[in-house]
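Everything on this sheet refers to the single structure shown next.
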Amino acid sequence: MPRYDLSLPELRDYRPIVAEPDDFDEFWEDTLADARRFPDELRLTRVDSPLSQVEVYDMTFNGFAGQPVRAWFLVPAGTTGPLPAVVEYNGYGGGRGLPHENLAWVTAGYAYLFMDTRGQGSVWGSGGETPDPNGTGPSAPGFVTRGIERPHDYYYRRLFTDAARAIDAVRTLDRVDPTRVAVCGGSQGGGIALAAAGLSEGLIGVMPEVPFLCHFERAIEITDGDPYQEIVRYLSVHRDLVDQTFTTLSYFDGVNFAKRATAPALFSVALMDPVCPPSTVFAALNHYAGEADIEVYPFNQHEGGSGHHWLRQAAWLEERIL
Amino acid sequence: MPRYDLSLPELRDYRPIVAEPDDFDEFWEDTLADARRFPDELRLTRVDSPLSQVEVYDMTFNGFAGQPVRAWFLVPAGTTGPLPAVVEYNGYGGGRGLPHENLAWVTAGYAYLFMDTRGQGSVWGSGGETPDPNGTGPSAPGFVTRGIERPHDYYYRRLFTDAARAIDAVRTLDRVDPTRVAVCGGSQGGGIALAAAGLSEGLIGVMPEVPFLCHFERAIEITDGDPYQEIVRYLSVHRDLVDQTFTTLSYFDGVNFAKRATAPALFSVALMDPVCPPSTVFAALNHYAGEADIEVYPFNQHEGGSGHHWLRQAAWLEERIL
Amino acid sequence: MPRYDLSLPELRDYRPIVAEPDDFDEFWEDTLADARRFPDELRLTRVDSPLSQVEVYDMTFNGFAGQPVRAWFLVPAGTTGPLPAVVEYNGYGGGRGLPHENLAWVTAGYAYLFMDTRGQGSVWGSGGETPDPNGTGPSAPGFVTRGIERPHDYYYRRLFTDAARAIDAVRTLDRVDPTRVAVCGGSQGGGIALAAAGLSEGLIGVMPEVPFLCHFERAIEITDGDPYQEIVRYLSVHRDLVDQTFTTLSYFDGVNFAKRATAPALFSVALMDPVCPPSTVFAALNHYAGEADIEVYPFNQHEGGSGHHWLRQAAWLEERIL
Amino acid sequence: MPRYDLSLPELRDYRPIVAEPDDFDEFWEDTLADARRFPDELRLTRVDSPLSQVEVYDMTFNGFAGQPVRAWFLVPAGTTGPLPAVVEYNGYGGGRGLPHENLAWVTAGYAYLFMDTRGQGSVWGSGGETPDPNGTGPSAPGFVTRGIERPHDYYYRRLFTDAARAIDAVRTLDRVDPTRVAVCGGSQGGGIALAAAGLSEGLIGVMPEVPFLCHFERAIEITDGDPYQEIVRYLSVHRDLVDQTFTTLSYFDGVNFAKRATAPALFSVALMDPVCPPSTVFAALNHYAGEADIEVYPFNQHEGGSGHHWLRQAAWLEERIL
Amino acid sequence: MPRYDLSLPELRDYRPIVAEPDDFDEFWEDTLADARRFPDELRLTRVDSPLSQVEVYDMTFNGFAGQPVRAWFLVPAGTTGPLPAVVEYNGYGGGRGLPHENLAWVTAGYAYLFMDTRGQGSVWGSGGETPDPNGTGPSAPGFVTRGIERPHDYYYRRLFTDAARAIDAVRTLDRVDPTRVAVCGGSQGGGIALAAAGLSEGLIGVMPEVPFLCHFERAIEITDGDPYQEIVRYLSVHRDLVDQTFTTLSYFDGVNFAKRATAPALFSVALMDPVCPPSTVFAALNHYAGEADIEVYPFNQHEGGSGHHWLRQAAWLEERIL
Amino acid sequence: MPRYDLSLPELRDYRPIVAEPDDFDEFWEDTLADARRFPDELRLTRVDSPLSQVEVYDMTFNGFAGQPVRAWFLVPAGTTGPLPAVVEYNGYGGGRGLPHENLAWVTAGYAYLFMDTRGQGSVWGSGGETPDPNGTGPSAPGFVTRGIERPHDYYYRRLFTDAARAIDAVRTLDRVDPTRVAVCGGSQGGGIALAAAGLSEGLIGVMPEVPFLCHFERAIEITDGDPYQEIVRYLSVHRDLVDQTFTTLSYFDGVNFAKRATAPALFSVALMDPVCPPSTVFAALNHYAGEADIEVYPFNQHEGGSGHHWLRQAAWLEERIL
């Protein structure tokens, strides 16, 4: 059935109780403090590129545990002063790819950082270059169960920290106005953007599209699509680790980051999305602590609003940077 | 089996005999002459867009039978003089979409025209806006069998003419250097680019990626993927129209356009491509009348080289425009 | 889940509000009046056939805009006087095929007309021969989105008019008793039969089997099967045309024809039908203006009652023609 | 790959060695002799039917071991003298269904017998009514492995005997000219027709369409479709019964019946048929002892020529009955 | 959707009314009485096996109608006196396979009988050796519809009788303590175990895992998986046999056996089981006449608790045999 | 097509050239030397288990880089002296599971070690407990591409070392006769067994069933199944790392281990195996340096000989331990 979740009126009111560990804030404060012990220093290397209208930089910054994380940083050629900036995180399985693959924001006049996703970048697209140097306990293929035995070891602890550190890093650049930084991303990128919004101060905008990584307990019961099903497969084998697994996930649930995020937000959701169920997106939206709006795509699956939604985002963000 | 076609060494030597009607040239000369009776005039409307670094125009030109065909035309903001231009055609089922979705060539400094595909643009992407005002005999869903009863009525007669007329049109523009126009496209777009190369004079480059619409008789016997299978489904019903159908297709076979194309060409092919079998691509390459090179992607399916291949194209084309 | 729609008791009571345009009647009156400006004349050509017990005629009548529409017309050999007649419309993708493929009604003693479906007849079966000489805006593969931008241009405006004109035509024949004409069809054919019932006067019976083209807004939300999903795919691309699309469809909804149909009707429905959801069939039944009965097949999918249901229909119709 | 078997020229020459047991003829002579110990007597019950142009009889005759087998027997209403007759066998999983479902031959003026298939008739269509009162050793779902441990117990020993006895029975009827009886059938029905042709004398025509049950050893290695795969699944479990299984099958291979059949034959084959591989059909054709022709459908799957092929058969048979 | 049935709290309370024929007890008393007219005698043949730590016997006992049924009987080598025994029945399509494939119970110190399943054993695993010498009316592939026209002829009448007779037989053995016999099995084996529990006296434990064959009317409406769908396919053809079919099934519904079973029971259920819907398992549990517990596996499909559940069973049974 | 690889006669002769790095031996000598710097010490903990006929031990030994690796170690209860031992490795995605799940070898009188697979054990079965504490560069889901950028970092360097160290460890145990140790495993376990055979001295038997990880370059071109396709997906993204990837794999190819293995071997292969193509198994067999035999299962897929093959192995091994 295309429509398998709540109806739109029900979704607008859906504000479920989502488990939150007592030490959620402490956990993340400690994690970020550890990461921030490493300097904000970064390396920017100008890349020779056919893109004559844009300056392209290969960037490396200090992510989780100071581990090097790659990104592309682009600014419009011929500009000099600080610009408002957009930081984007990628969907599941993708890496930073190639600089010419994401040109809309820089062509719209923004400084633009597209962060690589550690360990990913080998499933689709043009690749990634950031390793994930941390091991894992028994895990199912995919990244969602890597280190899921303990919040401390969970893969997304490292990735969300990278995301927060990417914001720190971009703010140190001459070409960026540190007071006007927004974050965005679709699917996993949307989940990361939500986490970054909960972990960072002073963002001017947060734009999660059809975000993944929200309201896990419901998600894994109502969709049979990956990557949420990676958790189901893991639990189908580790029948005795159900509680422990949900405890880990509670430290990473987009809903809990939403409760702490105060920057203005523009979400999107697709009502026929078999990957990120609508109710899990609304759960994050309806718990969002700041001002938040959502664009609803009633007949789309996980592609959501795609190019149409970027126009909506560009208009929305333009109002915020003035 | 991932590798289901000839081996790479066999492919490099594969130069099959492909049926060619005696009046192929006459058919196309008449067709283009009819179309060119309509003026080259076009409408360019500057579009209000968030893309501050680019001038975006909504363009309408006279295509087949003078019917209006839409396109996006982009030039880098701040440029004035004539630029080398790239004309791109789209894959099967897609339309011109939105201007910010194809920014690589303009960011590389080219004038860029992305042509809408008549009647298409409703299967994926962000839509199209060009109708196909011509009817059809009994046809299978899809566009490959529309009007296939007679070469005169076949859908691709109209679309290939649009493609040739797009080149005519872009050459009339102030911002374009008419002696430095290249064409490109992937899949159906690659097939259209080949046709345009066979029908137009003086192109500086032709870049068909994993082209569709080549060597039909072999294609429909060795792939079970759409859209080639649309022809098989049609023939499975119209058991008595096999010869007539192949006669129609012979007027539209990329191999026959390749035999007439003299502009330098850069092809791509993917050896695990289930949609456009490698041997059908090499059939066109090995019959190509001009200088032609090919980039082989041994472990890719129909996505071919994607972003990596664009870098290859950009370097290749840069050498040709100097 | 096999049973994915309402329960049978709920279905029996299901009488949803379905949007109806104010000018629905005017739209169809104008459409039919335009078509009826062309004469009722038709061509009947006796076909040489192995079917010695039946007279087979290849018929051409004036359909929408006077365009020629083909049909097979059969009467039992050896009969002379006027007979009660059955007019049948075909399912999606099929054409009129070959005369020996539908012999039950004529063998039961009826004059029988099997109408070709314009543009269709190339997906399954033995083919069709009626073109659809009208073009289309951007449309998804299939027929359901052809011309969907405007009620005036929509494919089913032409096809439903053909269907009403087929009744007009058959009534002009010597071998047919014009006061005893019934219509039938399965799936798309059932939807056409409903439309014909709403547009024609004086039918003695209407027999829609598992009808398609009813209660679109619900249908496209609860089934993931084609052809209803063609609309979803169209809307997933044309995100800005949702309202316009539903407006067009409201002129063609079987429920709105049912509200106007007064001839006795025998419906069928299959409770595990993934193509035409049971609730959309009951929506038409429960709004039907005339006397209407339904046969429920609890464990069937879209094949419904098939041969068993024909026996039911034959008995039901026999009572009406006496 | 649509074309997965030999090329058409290779098929035309394909005449493989197929294992044949020394006592093949003895086995079948004994089997038929046993069956013929039961009288040819049969029961014919006129059925009340809406089919006023046809006399419909529910027939029961003595099949294998004298077990009762059902059939429909139809003659054109109003005829009296003996007519040429067609006996048809059904495809896998189907039963005799309902009398109005197969009207082409009777409408063409033949007496027509459609035999029920023992134990089958519960997978598609309108049902069957003939039990298979014999048990089985361990068998895979389906009928192809029932009793496959021994030729004596194999399901098709019973079914092929029923088929031969149906010919015996129809020849006893007043309304049938016993010198002008033809057999036909598609898929399993084609395999049964071949067997009947090898087991019966004096047929005027044999028309196997895309026949199943030929050249088993090749078939199960080159198609992954059912029902041939039922044998593969059986052998994948009974790893030690490979030789024994092929021994059993050699008594039932259509190729071995073809070697003994002398009545004129018209085969059909579809070159993209994934169910009955073309080479297995040509194996039977090229071993056929009598005059044999074949119609090739190059772009069809298992549906083969369908209605088009019936026209071909009707013309071919008409020549033979004159 | 992974969770497609009732919620866990609803399941715990789910106690539906399930049809029960008036003569249910009589039917089974007669059936067993008939079977018990044949002696309890059995044949035990010591098998030469690499399993030096176990005595392996090939056993044949008198099942339904005294027909020979095979089994493996294992006891730990070096033991002599009577042991508590476990009798296990197999899942759908499997046979008794090979003795070394089921060693857990004997390694835990039990005498162990693994019963072959008549006619099955050819779909997966290592085979079976027990024929089903009874014929069938028209049936769908699979075993669930064999003889379903009449309770008397239904396949499971024979199989359930075999199961009860296996208990009788094992109790006659020196090496078995007849007062300490338990039964178990998964899926079909669980359904058989339930039947055996309803038909036998004095069992010390009943352990149905994710049992099949319970609450048919609901099962076939909410799962689209085999084997329940075999019934749906049968009814989709035999549209007129719905009531008769459900009448037959009511004599074999696990719920009706549960109402009569008094031995302590340990069930298991998997909440994402697409084969045996959770509500059908709870229907049997909640009607169980004796003391009954259930282990719930929330994220498993039909594999249920597998090895983890065996540990649970072993502990549970150990308490009962002391 | 079920048979998609070479014919059996061709397979028996298939001895392809497989790339082998010059420093293959040095690479593995260094790797093992590093691992052997950690002591052979291991921990054995008697586990409380229902398996009264077997002593069950939870074992931890020092694997790659001295990292702790888990295993189950079982000996028949009541034995005391040193026994011949079998070491088994598991298939892809599985872990050591639970001790009662693999009882055949111990019941046949062997000491038995079942090694956990680092990082795996979360896809099927009852779980694993050994982490893989090493990170990875960008990798596709699954284990085959973890660390594939460099032979040094490749996942299978660690796993194969664990396998060799498991043999070292088991030989230190009192209950094991170190001169009579055999290794076995299916699929990935077969590939590991081959590697262990190439890396260890003095084994009495090597039993790879349908081994994975052999002749990679061919495997990934002719099967479209996982896990070989994980490499294809990786290369489809990392288009520039093809040579580097094959270089890494050449250090881990089962063919190169086979060239060095001298212990007697019994392989198995299934001719319809879509996961591990027959030719890749024969490539290893035909390069095997020691005496080697193979059992061919002509109609099986990846399940190969399963229980039947264990009987073959048990008989084969029994001859070797005398």
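Note that the chains are named A, B, C, D, E and F in the order they appear, and that numbering of residues resets to 1 at the start of each chain.
The working rule: a residue touches a chain if its C-beta (ideal position, glycine included) is under 8 Å from a C-beta of that chain, and two chains touch if they have at least 3 such contacts.
What you are looking at is a predicted structure, and each value in this text was computed from that prediction instead of being measured.
Which listed pair repeats B-D comes down to matching contact pairs by residue number; over half match for A-E among A-B, A-E or A-F.
A rotation of 180 degrees, rounded to the nearest 5, superposes the Cα atoms of chain C on chain F. Distance between chain centres (mean CA atoms), chain D to chain E: 39 Å.
Between chain B and chain E, the centres computed from C-alpha atoms are 63 Å apart.
Between chain C and chain E the centroid-to-centroid distance comes to 50 Å (mean Cα coordinates, whole Å). Within chain D, contacts with two or more other chains are made by residues 125-126, 308.
Pairs of chains in mutual contact: A-B, A-C, A-E, A-F, B-C, B-D, B-F, C-D, C-E, D-E, D-F, E-F. Across the complex, chain B meets chain C through its residues 93, 95, 119-143, 145, 233-234, 237-238. Interface residues of chain B, counted against chain A in their complex, comprise 50-54, 76, 78, 97-98, 100-101, 103-104, 106-109, 125-126, 306-308, 310-311, 314-315, 318. If you check the complex, the residues on chain A that touch chain E are 4, 220-224, 229, 232, 235-236, 239-240, 242. Listed in rising order, the residues of chain D touching chain B in the complex are 1-3, 272, 297-301, 303, 305, 308.
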